[in-house]
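So, here's a batch of structures to check.
The following pair of complexes shares a single chain, chain A, combined with chain B in the former and chain C in the latter.
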Partner chain A sequence: MPTQVSVRSQSSLSRWWRTLRVGYWLGWQIESNWTDPLLFFIYSIARPLGGVLILVFMYHVVARAGGAAMLGFFVVGTACWPFVVRGMMGTAYSLISDREHWRTLRYVYISPISLRAYLVGRALAQATSAVAAAAVTLVFGRWVLGVPMHLATINAPYTAAAFVLGIGAVIALGLIVVSAAVLISGEAWRMPEGVGAALYLVCGAIFPVTVLPPALQALSQAIPLTWWLEAMRRGLLGPAVVRSLPQFTDPTVLGFLAMLTALWVAAALVAFTFAERRARQLGILDRESMY
Partner chain B sequence: MSEIARARGLRRVVRATLGRAYPRIIGANRERSWLFYDTVLPLLGTIAFVYVYKALGAPDRFVGYVIMGGATMAFWMNVMWNMAAQFYWDKQGGNLELYMVLPCGIVPILLGMSIGGFVGTLVRAAAIIVIGSVLFHVTYAITQLPLFLLIFAVGIIALYGLGVTFASVFLMWGREAWHMAELFMEPVFLASGFYFPVRALGFWVGMGTSIIPLTLALDAMRQLLFPGSHPALLPVRAELGALVGLAVMFMLVARWSLRKMEYLARREGRLSLRF
Partner chain C sequence: MNELAIETRDLVRTYRIRKSPTNPSGAPVVALDGVTLDIPRGEFFGLLGPNGAGKTTFIKVLVTLLLPTSGSAHVAGLDVVGQAQQVRERISMVSGGEHSGYGLLTVREQLWMFSQFYGLPTRPALARIDELLRIVGLYEERSRRVSALSTGMRQKMNMVRGLLPDPDILFLDEPTVGLDVEAARDVRAYIKEWIHANSRRTILLTTHYMHEAEELCDRVAIIHKGRIVACDTPAALRRRTAGGTYFVLTTEPLDGIAWVSGVPGVQRADARVTDGRTELRLQVADDGAIAGVVKALADRERRIFSLQKIEPSLEDVFVQIVGRRLEEADEGGRP
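And now, the complex of A and B:
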C-alpha cells in the first residue's frame, strides 16, 4: 500500500517531525476552537494583563512614584510566565486529558508514532497560545506603564537565544511533570498546578529571588526558569532592570541557562523513558481514575 | 418504601441538601491529596505575593492584606471550580442527568454544594491564614468581632448566590465552562483588590467592582483588622448594607437564572452535551 511504503521509507527524524507537526495542529485545535477568535484572544490576554495590573497596583499602593525598574521586572516576568503555564502545565494536561477526558491516549500510544514527539507538539501548541498574551503584556508595559523597553536598547540576539533556550527548558519541565503524571492517577489533575505554583514562587517570576531565604535561593538557581527569566529581563530591559542574579554577567546567565536546559532535557528524556516503561509494566498507562 | 423516599416538602429539601453536602465535607477529606493541594496551592501563590511586598519594602500590614487575599482566594476558587463549573464536571461524569431526574429538583443540590463547599473551604482558608501568619509573623487586632463575623457570613451568602447564578449559566456550556472559570481568576483578583486595598483602583472603579461580593467583604474586614491604616472604600456599615443587598439580589437572580437556563439547556439538548 502506498501509505505503508511512504511511512516505512521515511527516516525516523522526518517521522518525528511529522508527528510533532500533527501533535501541534491537534493541540492548537483543542486549545482554540472552543470559541470564536475574538473571545479566544480576550481569554488569552485577560489573565496575564490582570496579573501585571495586580502587581502594578501593589507597587503603587506602596511606592506611588518612579521605580520603572521594578515595573519592568513585573512586566517581563508576567509576559514570560504564560509560556511556563501553558507549555509546562499544558504538556501535562495534554497527556492527562488524552487519558482521562478524551480517552484517546491508548490509541495514540499504539499508533506508529513517537509519543515524545506528539507531546512536544502539543506543548508547542500550548506555548504558541501564550504568544499573544506575552506580546500584549509587553506592549502594555511599554506604552501604558512606561517601562523603559526600546527597540534601540533591546539586545535582540541575546533575547532570542534566551527565548529559544527557555522554551526548551519549559518543554523539558513539562516532560518531567508528564513522567510523574503517567504514574499517578487521582492527583494527576492537581499535580501540574502544584508544580507551577511552586515554580512561580521560587523562580523569580514576580520578585527578585534575592528576597527568598538562602535555601530557596539555592534551589531556584538549579532551575533553568530562574535563569531564563533573568536573561529575558536583561535582554529586553538592559542594565536598568532589578536583578535576580546580580552577581552574574549577561553571558554567564545565558551560559548557565544553556547548561541547565541541556541537563534538564537529558533528565526529562531519562525520566520519561523510565516512567513510560514503568507504567506499561504496571498496566496503568491508560488507567482512568474518573476524576 | 424507605424513609428517604417518603420524605416530602422541606424535609426532602433538607435531606437532599445534606446528601449533596456530604461528599464535599466528608468525602473530600478522605482524599488527603486534595486537602494538601487545596491548602498548599493558594498558600504558595499567597507567599509569592508576600515576597513582592517584601521586595518593595512595604509595611507589615500589607503582608496581612495578602494573607487575607489568599484565604479569600480559596473561597473564590471553590465558587468558580466547584460551584460554577461543577455541572460541567457532572456532565462529564454522567451525574447531571441523575440530578435532573431527582424528585427534589436542582436547587437543594446547589444548596448542598454551597454548604459543603463552604465548610470544606473554611478549613482550608483557616489553614492558609494560620500558616501564612505564623510564617510571616503577622498579627491581627480585630476591633469588633461580631461585626467581623456578620460581614463574613453575609459576604459568603452573597458569594455563593453568585456561584449558583454562574452555575446556571455554565449549565449551557461545554468546554467553554473550563475556560471561562479560568478567565475569572486574575481579573477578579485585580478587580476585588485581593492583594491591595480596592480603593487604589479609584472610588468609582471600586464601586463598579463591588458587584463581586468579595470586594466589599474584603474591604470591610480589612477595615476591622487594620483600623486607622486601611484606606476604606466605604464605611463598614454601608458595606455591610450593600452586601445584604447583594446577597438578596444574587439569590433572586440565581433562582430566576436557574429556571431560565435549565429550560434553555433542556430545549437545546445541552444537558448531556459532554464536549
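And now, the complex of A and C:
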C-alpha cells in the first residue's frame, strides 16, 4: 500500500497563488509543446511581423499618407495586440479546450482550487508567449521601419504601469468571455474569435478611434483596451504619435485605464461567479458538444 | 466527526430539455426523483442501474459538478451546495470509458500537476505517483505522452489521479469500463485493498457489472428511473428474491424461448447464446419444475450439456425489481 499523503489545508490566498502557478505551468507546456521550434517561431514572431508589414504597406499604397507618427501608431498597436489575442482569447480557449478537447475540466473543477486563478494562470502563460512577438515587432519597427522610438523618450514607469494594467484588463475581458463560453457549447469556439475581431475594430488597434462614428467612440471609451493601447503609445513614443484620445492628458489616460480595469475586473468576477453557478444549475459545466 | 460519508435527503434533479420528437411537450426530465440515502464512513457502497437511471447525475451532484433541483446532499458532513470548496478537499472521482488527459504532458507530469491542485508537496507527491504507477502497471510508461497511451492505460492513469490525493471519499463511476479483464481485476483488487487500509475511507461505486458490485460492495442500492428501489447488502438483497429456485441450463441452440415460460412452475426464463450454445437462466417455483423444462427440451430433440442449481445473484434481484435484465434496461433507458 503506497505512502499516505495528506492534502494540505491552505488559506485562500496560498491556494490562489498555488493554482495560478500550476495553471501557468500547464499553459506554458501546452503553448510551447504543440509543435516544433521552427513552427513555433513562425507562429509567434513571423506572423505578427507579417501583420505589421501588411498594415504598413496597405497604408503606404492605399492611403499614400505615410509618416512616422502613423507608422508608430501601427507598430505599437500591432506589438500590443498579440497580448489581447493570446491573453483574452487564451483564457476562453483554456476552458473550452479543457472541456472539449482534453476533457479534463470536470477533474480540474472538482479539485480544491480556485478556477479563476487556474484560468488566469493559463491566460498569463498565453500572454507570455506574446512577449517575443511584441519585442520583435517593436525592434523591427524601430530599426527597419524607422519608428521614432528612443530609449531617451520612452517613459518607462508610465509604460510599465500601463502594461500591467493592460494585462489585468485583458484577463478581465478573458474572464467575461469565458463566462459566456461556459454557458454555451457548440459555438463556444467561435465566440472568442468574434469578440477579438470586434475589439480589434473598436479599440484603436490599427486606426485612431476618432475616426469611428460617435456611438462606437463612446463604446470604445468604455473598454479598457482603448485606454491601454493609447497609454502604451504615449509611453513608448511620447508626443510623436497620432492619438486616439487627444483630449486627455497622459495621467488622465492612465487614470481612466486604472479605473476601467478595476471596473472590468469586478464585472468579470461577478460574471464568472454567476456563469459558474448557472452552469452547475443547468448541468452543462462539463458538457462536451463534440465540436 | 460526522459518521456519515454521504447523506442525501429527498434529492431531486431535473433537466430542462428542448422540445423534440422524443419529448414533444418539452417537459423536464427527472434524473433523480427524491433520493434519500445514508452511506456511513468506511463503507464500499455500490449503485447499480441501467443507463439513464440517474447514477452519474447522483455522483455529479455529490462531487459538486451539478446543483440539485431540490433536497439536500452532504458529503463528509458538508453541504455540496454551500460548502463546495471544503467538499472538494475531501473527495476525488474517476470515471470510466473516457479519454481525458492533457495529451501534450507525460503521464508523470499530468499526475504531478493534479497533485499540486491538491497541495501535495512535490517530493512526496512524485514518490506516491511512482508507487501508484507501479501498482497499476504503468510505471514503465511514466515518461510517455498521455496522447500516446491506449484507452486502458489512460484509464489506469486516471485511477492513479483519483487515488493521488488519498481522498476520504472516492467516487468511481464505471471505473473498469474500457479495461481489459486483467487490468480490471487489478484495479478491483487495488481499490479493495485501498479502502480496507484505512477505516475513514469510503467509496461510492457505480457499475454495470453485477459481479463487480457483488465482489466489492458492502452494500448495494439499485436505482431505477431516478429512484432508489432497493438498498441492502448483496446477501440480504439476494435473500429478498421472493420464493423460487434458480437453475442454469446449457443446451443446443434454441430458436426461441417463449415456450419455456409456459412450462408449469417456471416463473422466469432468460437466454444467452454463447459459443453456439444457449444458456437458459431459469427461476422456477420449486425444484420439481425443472423436470418439465428438461422434458420439453427432450421433446424438441435438444441436447442438454449442463444443468446447475445456483444461488440467486444480484442480477436476479435486479430483474425481479426492475422487471428486466440490466442490458435490456439499458436498451430501453433514457439517452
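Details
Here is the rule we use: the second predicted complex is superposed on the first by the 273 of 291 C-alpha atoms of A that agree within 3 Å, B and C clash if a C-alpha of one lies under 4 Å from a C-alpha of the other, contacts with A are read in each partner's own complex, and residues count from 1 in each chain.
FYI, a residue touches a chain if its C-beta (ideal position, glycine included) is under 8 Å from a C-beta of that chain, and two chains touch if they have at least 3 such contacts.
Keep in mind the model is a prediction, meaning the values are calculated, not measured.
In the superposition on chain A, A:I113 makes contact with chain C only, not with chain B.
When the two structures are aligned on the shared chain, A:R103 is found in touch with chain C, with no touch to chain B. Using the contact criterion defined above for the overlaid structures, shared-chain residue A:G283 touches chain C, although it does not reach chain B.
In the superposition on chain A, A:A205 makes contact with chain B only, while chain C stays out of contact range. Look at A:Y59: by the touch rule set out above, it reaches chain B but stays clear of chain C. Touch criterion not met for A:A162: it reaches neither chain B nor chain C. Counting contacts as defined above, chain A residues 34 meet chain B in one complex and chain C in the other. Residues 34-35, 42-43, 46-51, 53-55, 57-63, 70, 101, 186-187, 190, 193-194, 197-198, 200-201, 205-208, 211-212, 290 of chain A touch chain B in their complex. The touching residues of chain B, counted against chain A in their complex, run 31, 33-34, 37, 40-41, 44-45, 47-49, 51-58, 62, 92-93, 174-176, 179, 182-183, 185-190, 193-197, 200-201. Chain A meets chain C in the complex at residues 1-10, 15, 18-19, 21-22, 25-26, 29-30, 33-34, 102-104, 106-113, 277, 280-283, 285-286. Of all residues in chain C, those touching chain A in their complex are 13, 15-16, 57, 60, 63-67, 85, 88-93, 95, 98-105, 109, 113-114, 116-121, 124-125, 127-128, 131-132, 135, 161, 164-166, 193-194, 197-198.
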